[in-house]
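In what comes next, chain A is part of two complexes: it sits with chain B in the first one and with chain C in the second one.
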Partner chain A sequence: MARFIVRRTLSAVALLFAVSVLVFAIFEIIPAYNPARAIAGRNATATTVAQVSRKFGFDKPVYTQYLNTMKLIFTGQVIDYQDDLNVVDQFRERFGATLSLVVPAAILWLLTAVLLGSISALRVGRLIDRGLMALAILGVSVPVFLLAAVLLYLFAFKLTLFPNTGYVGITVSPIQWAYHLILPWFSIAVLSVGFYSRVLRSNLLDMVNQDFVRTARAKGLPARQVFLRHVLRNSMMPIITMFGLDFATLLGGAALVTEAVYNIPGVGQYEAQAIGNLDVPPILVGAMFTGFFVVLFGAISDVIYGMLDPRIRLS
Partner chain B sequence: MEDEPRGGLLSGAAVVPPPAEGPDAFPGASTQTPAIGPWQLALRRFRRNRLALAFLGLLVILVGLCLLAPVYSHDIAHIGPNTTNVVGTIKVNGKVTNVVSVTGLPIGPTFSSHYFFGADEEGRDLAVRLLYGGRTSLLIGALATTIIIVFGTLLGLLTGYFRGAVDAVLRPLMDLIWSFPPVILGVAVGTALALGGIGPIKGNSLFIPALIIGVIYVPYLGKPIRGEVLRLREQDYVDAARVQGMGPWRIMISEILPNAASTIIVFIPMMLAITILLEAYLSFLGAGVQPPNASWGTLISDGINYIDTAPHLALIPGGMLVLTVLSINVVGDGIRDALDPRSQVRIKT
Partner chain C sequence: MADHLLDVENLQVSFATEDGLVRAVDEVSFTLDRGEVVAIVGESGSGKSVSAMTLMGLTRSPNSRFGGSARLNGRELITASEHDFESIRGKEIAMIFQDPISSLSPVHRIGDQIVEQIRAHEDISKPAAFDRAVELMERVGIPSAADRARAYPHEFSGGMRQRAMIAMALSLSPSVLIADEPTTALDVTIQAQILEEFKQLRASGESGVIFVTHDLGVVADIADRVLVMYAGRVVEQGTLDEIFYDPQHPYTWGLLGSITRMDREPPRRLPAIPGLPPSLINAPAGCHFRPRCPHEFAQCMEVPKLESHIAEAPEHADRCWLEVEEKRTRRLINGRIGLTEGTVIA
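The block that comes next holds the complex of A and B.
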């Protein structure tokens, strides 16, 4: 276990380094990218731009700029160029909203997908299987922001069942919190339910013809136990990897389209603004933030893998 | 069954029965059915899938309509995709109506030759823009898919066949792209390149989103192909080819590639669907197709701002996009089932 943690930590450091260098490099090669001009404003004189450039160190060589930015990030002092806000504080403040959006949505989609995928596989070829798979394929064909907009139109504007947009903190009012987030949760979950239930169904169908399933059945285990402990358990492996990655990227800001449509002040919204303004520090922090979660949940899903299938050793 | 190569079902040599040596080869068989190749078999299975055929028909119609956008614009709607008409009026059921009302509300669907699907807030004909936008979306999807198929296959072949140093250099590169959420990576690169363009390509060129989307999804094909090639290169027929003195490139192209072909083909519709969707996401976030071009993504994105007053602006392009992606997905499922019949194994509980 210790070796596993050390190895994963090292690979995390390597990935974060690679990600930060890549992001820095992308902005360095863009011809139109001129942060000093952006900070100084549209009508700034050449001298002001030069002053800004000196103040922020844009006149230094690239590697010095990179090292300085990294130092600022890790000491928590980095500010964005657009609004002079502390980037780390912004992420800290906004992460609550993203957690509120992503965690319940993830639980919702995982449970629903396992349930629907199992029903479909157990009733393969029947009407309910066809119906569920038709819904699943429809679910993976709809972009999240379109679904979000349609739900907003139907349930907030037409039926006025839900508030149209906005976010209320869970500490302010748990009921208002949930009331504001039901549509966003649903918008995020649908795509993943469609995707996961399709994958799970085909895994289950592949698994049923395996020898160990025949053995389990032959030794007289009840069908329910065969399904839950042998078939489903082994079919969950790829789902867990997918879930780890999807969950990690959503926490890191990939929920930005949902946050944009429902006006939820999460990290994704901040990243989207930063990207629109070519504001490098928040983009850099956002990319590393996502990378951190990707590595973390990659490691967690490997541990769960080992628990589900003892043949797999952590190495 | 596990040891059988997945593509083995399709590799000509493995499935076609050996040539019969004269009429005595099969004494029991009075009439011999002509040998049928694996591809014909797959085609026959696909043709039996009525659902997939129906959606293929729908897809052909949708693509055909989008390709005919200039004809529709010129001969039926008599208005260009970017022609604004804020103060104009049209006759609907004998009544003269403003295209855009005094309060700025655009007209809804008229279901006649002018403004069939209504107008947008600047009085542009939504139906015309829908077809032109579709052309853009489909073009970007097709270009990006081509990039994915060519480079994904190439990277998969190289890393899987040569392993070692080639793999050590190229695989982390694929992993790096793969570990980024496509939407975030696409938005970052898209915004950056939309400003300045790359080299001779202008910032608002359609090639930029196509290139970005293609590159982002290359590892999604490259990684599975690599796995497939790693397995195929250990097959006896590859050893045989090596013993015969074939070079690595010839082995890759004539021995391994045909056996990986079914995997690649299954990925084509999947990638087409996923690239069209990503284009919509990027355009929604302002990092995809740039004005004056329109795509389904930009139309939906513009329409969402008017979702409470003029819902047709988002819902009609949205419906068109969903219908197209859905058709591609259903046809793709049909192709997968036809190429890999084992994916339809029946369960007995």
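The block that comes next holds the complex of A and C.
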């Protein structure tokens, strides 16, 4: 286990380094990108731009700029160019909203997908299976921005069942918190429910024909036990991998469309603004932030893998 | 008619497929008593495994059709409800499968897999069931069973896995044990050890064993009676000696002729049955073996009944139109039983 942690930590460091270099390099290569001009404003004179350039160190060699930026990031002093806000503080403040959005949505989609995938597999070929799988395709196909907007229009604007966007912290009022987040949770979950339930269904159908499932039936186990203990458990592997990755990227800000539509002040919304403004420090921090979660949840799903399947248990 | 432990009469199994109805098992009848080993022999696709699995209720599906009857201690299995079958499977009839690697759940401990079966049928605590699992594993010759019960299948060798399967199958002292090619996936030395377990089981007289195999060497070692199946039908059945020393059906001759024997000079040519088994969707009219049989004649277009042609051996039945004396002459090839001289191996 100790070796595993060390190895994963090293790979995390390597990944974060690679991500940061890559993001930095991209902005060096973009031809029209001139951060000094962007900061100085549209009507700034050449002298002002040069001053800004010197002040922010844009005149220094690339590697010096990179090292300076990294130093600022890791000392928590990095400032975005657009609003002069401390980037690390922004992420810290906004992460609560993103957690509130992503964690319940993840639980929702995982449980729903397992339930629907199982129903489909158990009733394969029947009407309910075809119906669910058609819905799943629909769920996968509908873009989040459209779904979120349609839900908002129907349930918040037309039927006024839910509030018209906005976010209330869980510490302020748990009920208002949930009330404001139901539509966003649903918007995020639909895509994954569709995708996961289809994957699970096909895994289950493969698993049903395995010899050890026949053995389980031959032992006289009740059908429910055969399904839960033998079929479902062995079918969960790919779901775990997908879940770790999806959950990580969403925490890193991939829920930006949902956050934007529902006006939830999460990290994704901040990253979306930064991308729009070509504001390098938040983009850089956002990319590293996501990379961190990807490595973390990759490691966690490997541990869960080992718990589910002793053959790949970490020595 | 005496009451048998298991009485299979005119069993028929067919599967509806997109290409048509597959008649996997047709008119199979036999009986089994405690302390007896009945071997079902045949090539892949002869219906031997399907017959065995049907007795376990494992061939049931929306596409399968059944006919005939199979009574276990007088209780009908073919029409038993799925719910009734759950209490029969594993308790009254247990099954051992061919491939012990894929037949055990990879993610559960061996001991727990046995516990699971015991607890499915008996109201017993987990630790008590686990102790029994360990005892069973000891009984089938798994060393340091208490430790091994906590191991996973991938930590077992093939032979040990099959022993674990046997321990599992025996866990509730079933009256019928079905072994579907239990030694096929094992190497020869392990095979001999596993067969030893079956012999002990037979000697104990607790259960009747149905032994499904294509290996006549194994059959000679273990069986009391033999059913030879071809293309879903029993072509010959009788006692071990009857089948090995006075085989009546040309297919049986072919099977016997294709065994290579250690105690004889190795053949220069490997005798084999020419051709391939027929499709069970469009099986040949009349005798199914007709297209591959060098002794075919006009009457073979009619399906021969499975009946005895030998007055002294009323239980020795076969499906062949040839006269008994003619069979006894024709089956001898160079002084030994066989179907053909065989083909030259390059």
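One rule holds in what follows: the second predicted complex is superposed on the first by the 314 of 315 C-alpha atoms of A that agree within 3 Å, B and C clash if a C-alpha of one lies under 4 Å from a C-alpha of the other, contacts with A are read in each partner's own complex, and residues count from 1 in each chain.
What we mean here is this: a residue touches a chain if its C-beta (ideal position, glycine included) is under 8 Å from a C-beta of that chain, and two chains touch if they have at least 3 such contacts.
Computed from a predicted model, the values in this text were never measured in an experiment.
Taken together in the superposed arrangement on chain A, chain B and chain C fit without clashing.
By the touch criterion stated above, A:220 is placed in contact with chain C alone, chain B being left untouched. Ranking chain B and chain C by residues of chain A touched puts B first. Of the two partner chains, chain B is the only one touched by A:140; chain C is not. Once the two complexes are overlaid on the shared chain, A:212 sits against chain C while remaining clear of chain B. Applying the stated contact rule after C-alpha superposition, one finds that A:233 touches chain C and leaves chain B untouched.
Applying the stated contact rule after C-alpha superposition, one finds that A:267 touches neither chain B nor chain C. Applying the stated contact rule after C-alpha superposition, one finds that A:22 touches chain B and leaves chain C untouched. After the chain A superposition, the centres of chain B and chain C are separated by 70° when viewed from the C-alpha centre of chain A, nearest 10.
Fitting both structures onto chain A leaves chain B and chain C with a minimum C-alpha separation of 6 Å.
Touched by chain B in one complex and by chain C in the other are residues 223 of chain A.
Against chain A, in their complex, chain B makes its touches with residues 172, 176, 179-181, 183-184, 187-189, 191-193, 195-197, 203, 273, 277, 280-281, 284-287, 300-301, 304, 307-308, 311, 314-315, 318, 321-322, 325-326, 329-330, 333, 343, 345-349.
Residues of chain A touching chain C in their complex: 210-212, 214-223, 225, 229-230, 233-234, 308-311. Of all residues in chain C, only 56, 58, 82, 85-91, 94-95, 97, 99, 102-108, 116-117, 120-121, 152, 154, 165, 168 touch chain A in the complex they form. Those residues of chain A that touch chain B in the complex are listed here as 15, 18-19, 22-23, 26-27, 30-33, 121-122, 124-125, 137-138, 140-146, 149-150, 152-153, 157, 164, 202, 204-206, 208-209, 223, 227, 245, 249, 252-254, 256-257, 260-261, 271-272, 275-276, 278, 283, 286-287, 290-291, 294.
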